[in-house]
Amino acid sequence: MSATIPAGLVGVTGYTGMELARILAGHPSLELVCATSRAEAGKRLDDIYPFLQGTNMGDIKITAPDVAELARQCKVVFLAVPHKTAMEIADALLAAGVKVVDLSADFRLRSKAVYEEWYDVEHTRADLLQEAVYGLPEFYRDQIKTARLIANPGCYPTSAILGLTPALADGLVEPENIVIDAKSGTSGAGRKANVGTAFCEVADSFRAYSLPRHRHAPEIEQELSMAAGQPMTVSFSTHLLPIDRGILSTMYTMLKPGVDEAAIRASYDKFYGHEPWVRVLPAGRLPETRWVRGTMFCDIGLVPDPRTGRLIILSAIDNLCRGASGQAVANANLMLGLEPDAGLKLAPMMP
Amino acid sequence: MSATIPAGLVGVTGYTGMELARILAGHPSLELVCATSRAEAGKRLDDIYPFLQGTNMGDIKITAPDVAELARQCKVVFLAVPHKTAMEIADALLAAGVKVVDLSADFRLRSKAVYEEWYDVEHTRADLLQEAVYGLPEFYRDQIKTARLIANPGCYPTSAILGLTPALADGLVEPENIVIDAKSGTSGAGRKANVGTAFCEVADSFRAYSLPRHRHAPEIEQELSMAAGQPMTVSFSTHLLPIDRGILSTMYTMLKPGVDEAAIRASYDKFYGHEPWVRVLPAGRLPETRWVRGTMFCDIGLVPDPRTGRLIILSAIDNLCRGASGQAVANANLMLGLEPDAGLKLAPMMP
Amino acid sequence: MSATIPAGLVGVTGYTGMELARILAGHPSLELVCATSRAEAGKRLDDIYPFLQGTNMGDIKITAPDVAELARQCKVVFLAVPHKTAMEIADALLAAGVKVVDLSADFRLRSKAVYEEWYDVEHTRADLLQEAVYGLPEFYRDQIKTARLIANPGCYPTSAILGLTPALADGLVEPENIVIDAKSGTSGAGRKANVGTAFCEVADSFRAYSLPRHRHAPEIEQELSMAAGQPMTVSFSTHLLPIDRGILSTMYTMLKPGVDEAAIRASYDKFYGHEPWVRVLPAGRLPETRWVRGTMFCDIGLVPDPRTGRLIILSAIDNLCRGASGQAVANANLMLGLEPDAGLKLAPMMP
Amino acid sequence: MSATIPAGLVGVTGYTGMELARILAGHPSLELVCATSRAEAGKRLDDIYPFLQGTNMGDIKITAPDVAELARQCKVVFLAVPHKTAMEIADALLAAGVKVVDLSADFRLRSKAVYEEWYDVEHTRADLLQEAVYGLPEFYRDQIKTARLIANPGCYPTSAILGLTPALADGLVEPENIVIDAKSGTSGAGRKANVGTAFCEVADSFRAYSLPRHRHAPEIEQELSMAAGQPMTVSFSTHLLPIDRGILSTMYTMLKPGVDEAAIRASYDKFYGHEPWVRVLPAGRLPETRWVRGTMFCDIGLVPDPRTGRLIILSAIDNLCRGASGQAVANANLMLGLEPDAGLKLAPMMP
């Protein structure tokens, strides 16, 4: 095996940090050498994550974040910190010559104004917005390979954009009046002390949240607009599922006249037939979140409905793996010239 | 207390039968005197439902269904049997002078042709279709009081119709292009030996099913068409939640020009302000299925979205109580001249 | 109906407060007139508990705790506050002539020394320890009727004491070497912002906690010692179940020579045959927590094991209803001369 | 990479078959070439397991079991069939020169009489009982390496034997009066159409089952007796957890006089300090099933209780991976001279 490539992780205490640790534990080339957290500095990784005891990551010492030290030790750094925090660190790491995969929202929107409207803070590194590459491998593979800075896509946007892009790009459906009804497992809410995500508040229940303005809407609209070749507005709603992981998006579009199922399947096959991580399910099969649990797969179901003239598109991903840390590793693989699926040959955990 | 009224239950072994037993155990006037099941005849009720041991229903003897015997013993009979079976029994019971609440789909659709298209069987008692009253108390209270035969509404339709009717009846939203994205707990799938609803196939997962043609669609369209005063077609999709009970429907409509939130709230208040079981939540609050667990409540959330010109309506019910057996008891109360909420003053089980 | 009796609730924001509200919503005689919480004073009850909107309790105004005001308004007060806080308030309320049901641990242990050893705080109202009646209706019914102050039993102790008492009191099993392996739903951990009880930390997992010293051990030993007529020490372990409500205790005892199943069943029948809330299950049937969900039932399974010479006793309760608020209402009913099961004729929520 | 080794799987349709597929999908040397099922013959593997679409196993054709064909194609065969069926196939495969890992119970008990007492069928291949090696790598590694036939341990026994062996072998605890209170996720009940394991019968509930005689008891007693050097009888109880995967066993022993925590930890360290898959947790830490989810780890917690003179031992495994298919692969690795952890470097899925 070739020598390993040293990687850093800023912000180790959340679920995306946990998931990155799980994936790197099985990665043949990337080695986590630096894990930072202000709150937990001084502890070993398996002090805060006992499930890592006995793996090759258990004895990593958590340090306070220190850009100079990260730059000295790492060739690539993953940022798993809140938005606003990320933009400052990313800038400093890039200046020190480190490749950066930012899992926050800070570099996903190309427009400073749109970012500031939806995130309610000033964007102080707007110069980097144009340089950052949106890290969806299916659509930006070549740019990712040469990028310094990756804006790792949001979990909901990954699901929605992969599901809708072929239909919009090939003009199969109307770009107006699209409804994206999305449902996510509770890990999407992060790991924090919060009554609202306590077991007894979530289990055996179901609810919508953040209606009608979830911050992932502009990210979805930005990418779909490019696919459709015209500005798009979508209705995007989010719900909280009593499951750990998984997003299922049910997307309602109006078919353009004359488009039949064969044309739809041809389009999706053209886009994804050669893609290892997007599985277009055969007719009559609908995605289930558990089929993608712990993996990079995005499963897509296609349901034309002649009665209503609609095409209903369903897509399922694992919000922590494909929707966050797995995709981040895929982007790092591409940036570093590794096998694209190094560490990511993951089969779903069933049941 | 007045003397009790004898009631019968045909088809005791499913979740709607269980729920009816739970409700009747606390009912001041209705007494279950006859419970039938072909498969379990000869046993006591607490043999098959050990949780009824020690209640006033535990020692009821299950018998094989026998119309003459039911008619001799009961003033009202609840039918919790599959469609097609119900139409035959209902006819015979009515002929014997018994009031009937049918929980199956057999009398919900006014059109024989529509029934036969969606249920794939002949309707042999079409003469009763016009007589049967659709048992949604908020809209058919007076007809229910004098009815012999109640078509107890489906669970999804209860949720969708209560949520959409004011907006359509008062012309606040366009009747076209409505999307109803509905999610139901697993008890909605019934109580049977089936790999697809096994714990390990449902827990920690989420999926859609029956797309794009669920049998509750024509029932929803029938009632919404009457509310809107014009024929309506809706896009109706169903999903399986890893919870026991509860339906949440997220409904997407296009606001008509000039309709503001005040008008919307005035309409819903006019329809439901005096109704004990429909709770229109204040602005900023969204329904949760657990808030209605075990009760007759239908909670409605109203979310105007100026960005997309939509009104998003959310409604939550308990599919077994409000969506089936509780509503059946409400209908029986009305038919028998009892207090409308007798046995139904149920507060939600929280958590 | 007779005039209602005014009741108060100190500490409304936890799960026991929620459950008390659910039960009182259906109580024919007790009316909640005063609900206090330091943190939420000024709000309506349905502001913090939206599920109470539309019930008779929704518009109750939450106030800051004020003993004089409670005494002025209420005939009975339920204390749902942490231990140590309870002892002070209880004393003041009693002095003002109010009957008190304390749901905390402050008056459960008859020995000041034992309390202080296990709870690590001084007991400043030790004079009341002898007066307080342990509120387990099956064993202390007569004392409860005349008591001023009830120590409402802990959830685990309710389950363990009801399960073991007949076998110990009738000398069927050895008092030594008893193991109580208990498992509780997550609502037992209370309602607070805490990573450890977050959905993603509890769902799809199982763990033990507080080993080997859980504070309910001395309470169990106190009552079992009285049943056995000799000082007892038990091994008591607690586990966290990924369910909302319910405790199942599996209890391992050694049968005394010559004791057969008939003797065991005769003993349990003598103790509980006439008790409405204890259900001794027939041979071959084992309790399930859902069979008692939302109710006052304690279900007991008896399993003699000739191979090991043991009697295994299983008992299931709902930790919030029988293990806390329901039992508190039962005690209030007895203290106030009401029907013992007023407001408590609850059938289990199934499924 | 070296050439792959062809493997077969008899009985592909259960959860152990699913788990074996997941593990082999990431195995560097073993390749599934033959998957059999009477019921599903003729289909592709991803027809019955859509989650395998797009992996290297999706297009494997399921065939009817045929020993000659298995022997022609495979070097090793895994049997995931019911007991009694396994003994016939194993014999035929061995005769054809194939190495066999039997996941059923057929070769776990060394005594024909004990097998027949607990499994109620005749053992027709008793000659193989002495040859079969009990496939617990920590204790039988050398024998496994040269074995033709592995009796893959039961899930509960794996957990109990790993937890108790050091304490018994080193004489730290009394061999009498041991209680093993075990709890398992629902996948342990297998994948079949069954009302008792339906979602609504398991979720939000908890119960014991098979008391007091579970078939894993004699297997546990056989291995513990060898560790203790004397015949042992244990009290072994099983419970059903509303989780997919995971077993937690809480084991109660009596400490011998003078044994302190240092001696206990020294013993467990001696047994497991060098073992990659057994993690003895530090003092104060208790195992959680999710910490081992999807992995080979057995996590052990040690809790001395001076108050009762007990040592409480807790052990957690994943019943499908360590308790079945993962351990089967570990045994195959050893038999075939592969790296012991080939395909098994699995980090837990968290959350």
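Going by the order they are written in, the chains are A, B, C and D; count residues from 1 in each one.
In this text, a contact is a pair of C-beta atoms (placed from the backbone, for glycine too) under 8 Å apart; a residue touches a chain by one contact, two chains touch by 3 or more.
These figures come from a predicted structure and were not determined experimentally.
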Seminar exercise, completed: Note, CA centroid farthest from subunit C's centroid sits on chain A
Seminar exercise, completed: More Cb-Cb contact pairs, comparing A-D against B-D, go to A-D
Problem set entry | Mean-CA-position distance for subunit D and subunit B (Å) | 46
For this session: Using mean C-alpha positions as chain centres, tell me how far subunit A is from subunit D in Å, no decimals.
Result: 36
Exercise. What are the residue numbers in subunit C that touch two or more other chains?
Worked result: 15, 187, 200-201, 203-204, 242-245, 290, 293, 351
For this session: Flag every residue of subunit A that touches subunit D in the complex, lowest number first.
Result: 15, 18-19, 21-22, 25-26, 49-55, 187, 203-204, 244-245, 276, 279, 281, 285, 288, 290-294, 297, 345-351
Problem set entry | subunit B-touching residues of subunit D, taken from the complex the two chains share | 15, 186-187, 191-195, 197-204, 242-244
Problem set entry | Contact footprint of subunit A on subunit B as seen in their complex | 177, 179, 181, 183, 200-201, 203-209, 211-213, 233-235, 237, 239, 241-246, 248, 250, 252, 254, 286-290, 293, 301, 303-305, 307-308, 310, 312, 314, 351
